[in-house]
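Each structure below appears as structure tokens.
First chain A sits with chain B, and in the next complex the same chain sits with chain C.
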Partner chain A sequence: MALSSIDIGSQLVNLSSALLLIACFAIVTLRRLSSCINVYILQSVFLAMTAALVAFFTDIHHIYISALLTIVIKAVAIPLILKKVIERSDVNRDLEMNVNVPSGLLICGALVILAFFITQPIIPLGFLLTRDSLAIALAIVLIGFFIMIARKKALTQVIGFLVMENGLFLGATAAAYGMPLIVELGIFFDLLVGAFIIGIYTHQLQDTLDNVDTSKLTTVKE
Partner chain B sequence: MLQTITLVVAQIIVLLGISPFLVGLIRKVKARLQCRRGAGIFQPYADLAKLFRKQPVVSSTTSWIFTATPYILFASTLSAGLLVPTFASLTPLSFTGGVIALVYLLALGTFFLILAGLDAGSAFGGMGSSREALVASLTEPAMILSIFAVAMTAGSTNLSTIVHKTALLESVVTDPAPHLMALAALCIVAIAETGRVPVDNPATHLELTMIHEAMVLEYSGRYLALIEWAAAMKLVVFLSLIANLFAPWGIATTLTPAAIGIGLVAYLLKIAGLAVLIGILESMIAKLRLFRVTELLGAAFILALLGVVFFYILRG
Partner chain C sequence: MSWPLFLLIAAPVIAGLGSLLVQQRRAIEVLQCALAGTMLATAALVAGQVIAVGEVFVGDFLQADALSAWLDLILGFVGSSGTLYAVGYVGEEMDRGHLSLRRYSQFLCLFDLYLATMLLAVNLDNIAILWIAIEGSTLTAALLIGFDRSKAALEAGWKFIIVGSVGIVLGLFGTILVYYSSEHILGVSNEALRWSQLYRVAAELDPAAIKAAFIFALIGYGTKAGVAPMHTWLPDAHAEAPTPVSAMLSANMLTIAVYAILRFKAITDRSVGPEFAGKLMIGLALLSLAVSAIYILVQRDYKRLFAYSSIEHIGIALLGFGIGGIGVFAGAWHLMNHALAKSTAFYGAGLVFLRYNHKSIDRVTGLLGQMPVAGAAILVAGIALAGMPPFGLFTSEVLIVAGSYTVRPELAYVFLALLALAFVTLLYQVLRMVLGAPGEVGTSLGSQCRIFTSAAVGINIVALGIIGLYVPPGLETMLASIVKTFGAGIMAAR
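Let's turn to the complex of A and B:
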């Protein structure tokens, strides 16, 4: 049976979206902060790949620009900032979590199933090319949320936030073949500034509390 | 009838012949990455031949389980190997069973190996057995589910049918997202089941860190040879599963000489490529602490489950 180009396109897009989801699970399992950041880099590269594939198969050229920006900002600039912050505050090893890894994995599994159920009625209405990506994107957003809740250290919460943003970007690419370029530029800029601010904030936490554990913030008094 | 017998014989020759080579290849890759010259790729054949000539030493405290286990393990692994497509999508014993038979034939061998580890009554054997039981009980559901994720797209649990349909693209059986999750899960399962690095170290000399090696510490002579050969075959079974379920390119779908020739070459290339990958992976990462292994296998289970659920909800 010969596959048409739209079929091959949709299969490739599905494949790279699934890679993003697997990277999420790696972040949930990993304990070391620097490996979390490395997986985040990998995830951003997959995201750029997905966007480039969508651009190639739909001939919408401005998605190429957002793919390029994804590489530059999410795979290079933000990880650099985060790694600088790690160097200054020695928080690399054994991250504390509010739930242990196996139950975290189970919760994430349940979140993904929830995301599949929610998007299932919407999917037949979507574009043929990116049909399953919407379900995966929602799953990634939920897992990003979960990482923010489950981890205690400020830096890993940032990674949860960034994973969530990756999910949103995938969702936008899947549901609407990308947002207008000006909106995307704004989001990228926001993200970069956000990473900067969080870097400075972590630094301040480290200075005042000798720790970047956000659960200790409740002990801070005026 | 004649065709079935020929296929059985051919597959047995491939399985028995290729398995020591793969072990040697992995060792060679690891040696080269550690800047050593390493033993030749064909060293495991010589090791096996040497072990078969040696007289086995059997402890007087052991029961029949100890002497029967090598044969049971060898036979069950070989029959499991006959259920998995290697160079041709038609497997000799495909009419006898599918995925579930494969999983439980492998589990039968593991079960007897666990018993044999306990049988000699040594502390290390018992420790190895308890660890192997932990790993085996966690890999089993992940393995079944990951193959089911592929089986559902092909509409059959018979490995031969799955691979045949996928190779010919007969129905729309390529469904990348659930297959990728299943592939990730099956790779973790394969590493855990064959005792490779993040879970177990096949080259360790320290009894405290052993899993598989600790169980077979008491074995010697031809018994050890059978167990090592069976372990090598198990590696081939898992690599063939991964290669042919997810990338059945080039596999012989008909039994003409030309197709079989191409199938054989493609199969050898795929398997050798995977073995080299294992060698590289083992050089890159450190062994996990035993209690972290459950997390890794838990991730494999969740991924395999999601592969199945993905198909149910979004395709059902």
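Let's turn to the complex of A and C:
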């Protein structure tokens, strides 16, 4: 492969990784749950795009399968499950947050810097094409974690978790050229089952509590 | 190919799906008893094979070395007594009309699948598939914890799945970092994820990446192991889950999470030396001990009491592994004895809960007189868990104190002080429950339930007594090769 094509490839992979990161920031600012899910779909599409780019520039064909699975499971199946759960409950009103939007964005900015700082010593090790994606992947994982802490409603915590998972997939496909196929299949399977179980849980919590607000989940404590 | 290893993992899957299909109580009971026997026998056979030849394989992915076989013994043994206990416990709930036959078979099916995912996790020669199996155990456990569908159980289950999933995502990030650095040497393939290969090339792996990977793995799997400060899900889940599940969470799931940390530690030690991973583990271990000692003191709920005691004991085991050398021996010994003692304690606690239908320590007295089996279980397990002879936890704690003294005398003093605090408080709480005159009458248990649960308690107490008195020669061989996996540890570095 000519050097210039690696250059272009690397730029494209970085660009689409950055799009994933921007989607994270969008989720932090959005107040409605259904819009959060829409952005999550968009982010998953970016993820699939990144994977396809990596597959194209490296000629590792099984990453195409992983890109396809990303679309099927993350952009279609999981959002469908979540939207079904929302329909049955009344959580789609304005979401309460523990942190307001401007300070939330500032914290996320700080998390991105932190992620670059942590991965600095490791990055030179990576493949030339994709090595900066590792820092972005870690940043997305950290922001996902922050979303889980910052939101009060149970379902938005799920969004935070899914964002974290997207960060991981970016780390695996972009930074490490994809895990072996059997591993990816297993991870997708776990993720899908996890989404189902979380759906079951929110449904049952809905039945026992009137509103799935995790700040009201205080029956079990010291 | 080693058929016992294959059968060990396949048997719970077959029995679980079988229970779901037959939908007939007597048949399910027979199936589960057969499962208990099979797990016990195959775990022993796997251990025997490993002692004889070192490592056994099934296909491309399943592999058991001494450390895996050690975990097989723990999971197989506690899993089989746990299956018997679950049959008795859930059967009693069904007799009382709390559960339909359909829910009864669903519970046992999930329970068996849960055991299967854990048995699978410890026999894999692949760090990423290990992650998949452990995540599988998180998902099945989440369904089991919320099985009652009471408000408290759903809350505890929700907390477990959220905190546990976040933890495990961090664990996967650690796994990816290992892969990120190993694929340059071993190529973009499954080889780059195999323990055996990673051990071989560990010295060539990038130290910075391995350090970061270990930190992520320690936090991630540490969350599942209930290590402070990531332990917040643990007391709720243990207290609200149906008691057979609490016993399995504590005895098996925490243990396999420690196992995952150990696999990463073995790579890290070979790559950057034992100091780095050892110090981190010692720090978290002391924090866990401090947190649990304080909460054991103020506990009013007997299931939470044993839950906090689990945090303590996982901390002690981590301390041992962190020290290395003799500490590894003691840590592995501690994990086995803790699994037996803690499941016994929960078996007793479950019987008490079935009788009184509350979990308040203050309202439970005179168990030995009123419920001899439950009383004996809680008393024996309490003495063992407090760290008194003649039980194995005494031996391992003494060895860890000795080991930590050679690393740093202050470490031994802090450890001893925390151990003493937990000893006094746990023993006080336990004695308060078992001695004295019976308080309440409660609902007496059906004979069916009594037979199964007494069998489970009996098996555990006998095993606990035997390995308390001496280390059987086969186990000694296994422990010696586990110690070899980790090298000399911090002790020798000084």
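Keep in mind that, in the parts below, the second predicted complex is superposed on the first by the 215 of 222 C-alpha atoms of A that agree within 3 Å, B and C clash if a C-alpha of one lies under 4 Å from a C-alpha of the other, contacts with A are read in each partner's own complex, and residues count from 1 in each chain.
FYI, contacts are C-beta pairs under 8 Å (C-beta built on N, C-alpha and C of every residue); 3 or more make two chains touch, one makes a residue touch a chain.
Keep in mind it's a predicted model, so treat the numbers as computed, not measured.
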Based on the shared chain A superposition, would you classify chain B and chain C as clashing or fitting together? fit
Touching A:Leu114 in the superposition: chain B (first), chain C (second), both, neither? neither
Name the contact category of A:Leu68: first (chain B only), second (chain C only), both, or neither. neither
Would you sort A:Met179 into first (chain B), second (chain C), both or neither based on which partner it touches? second
Between chain B and chain C, whom does A:Gln11 touch in the aligned arrangement: first, second, both, or neither? first
For A:Val101, is the partner it touches chain B (first), chain C (second), both, or none of the two (neither)? first
Under the stated touch criterion, which partner chain does A:Ile197 make contact with: chain B (first), chain C (second), both, or neither? second
With both complexes overlaid on chain A, does A:Val76 touch chain B (first), chain C (second), both or neither? neither
Tell me which touches more residues of chain A here: chain C or chain B. C
What does the superposition give for the shortest Cα distance from chain B to chain C, in Å? 17
Which stretch or stretches of chain A touch chain B in the complex? 1, 3, 11-12, 14-15, 17-19, 21-22, 25-26, 29, 101-102, 105-106, 108-109, 112-113, 116-117, 120, 123, 132, 135-136
Along chain B, where are the residues that touch chain A in the complex? 169-170, 172, 174-178, 180-181, 184, 294-296, 298-299, 302-303, 305-306, 309-310, 313-314
Flag every residue of chain A that touches chain C in the complex, lowest number first. 60, 118-119, 121-122, 125-126, 134, 138, 141, 145, 148, 154, 157, 161, 164-165, 168, 171-172, 175-180, 182-183, 186-187, 189-190, 193-194, 197-198, 200-201, 204-205, 208-209, 214, 217, 219-222
Could you list, by residue number, the parts of chain C that touch chain A in their complex? 126, 128-129, 131-132, 135-136, 139, 142-143, 146, 149-152, 154-159, 161-162, 165-166, 169-170, 172-173, 176-177, 179-181, 183-184, 188-190, 193, 206, 208-209, 212, 236, 239-240, 295, 298
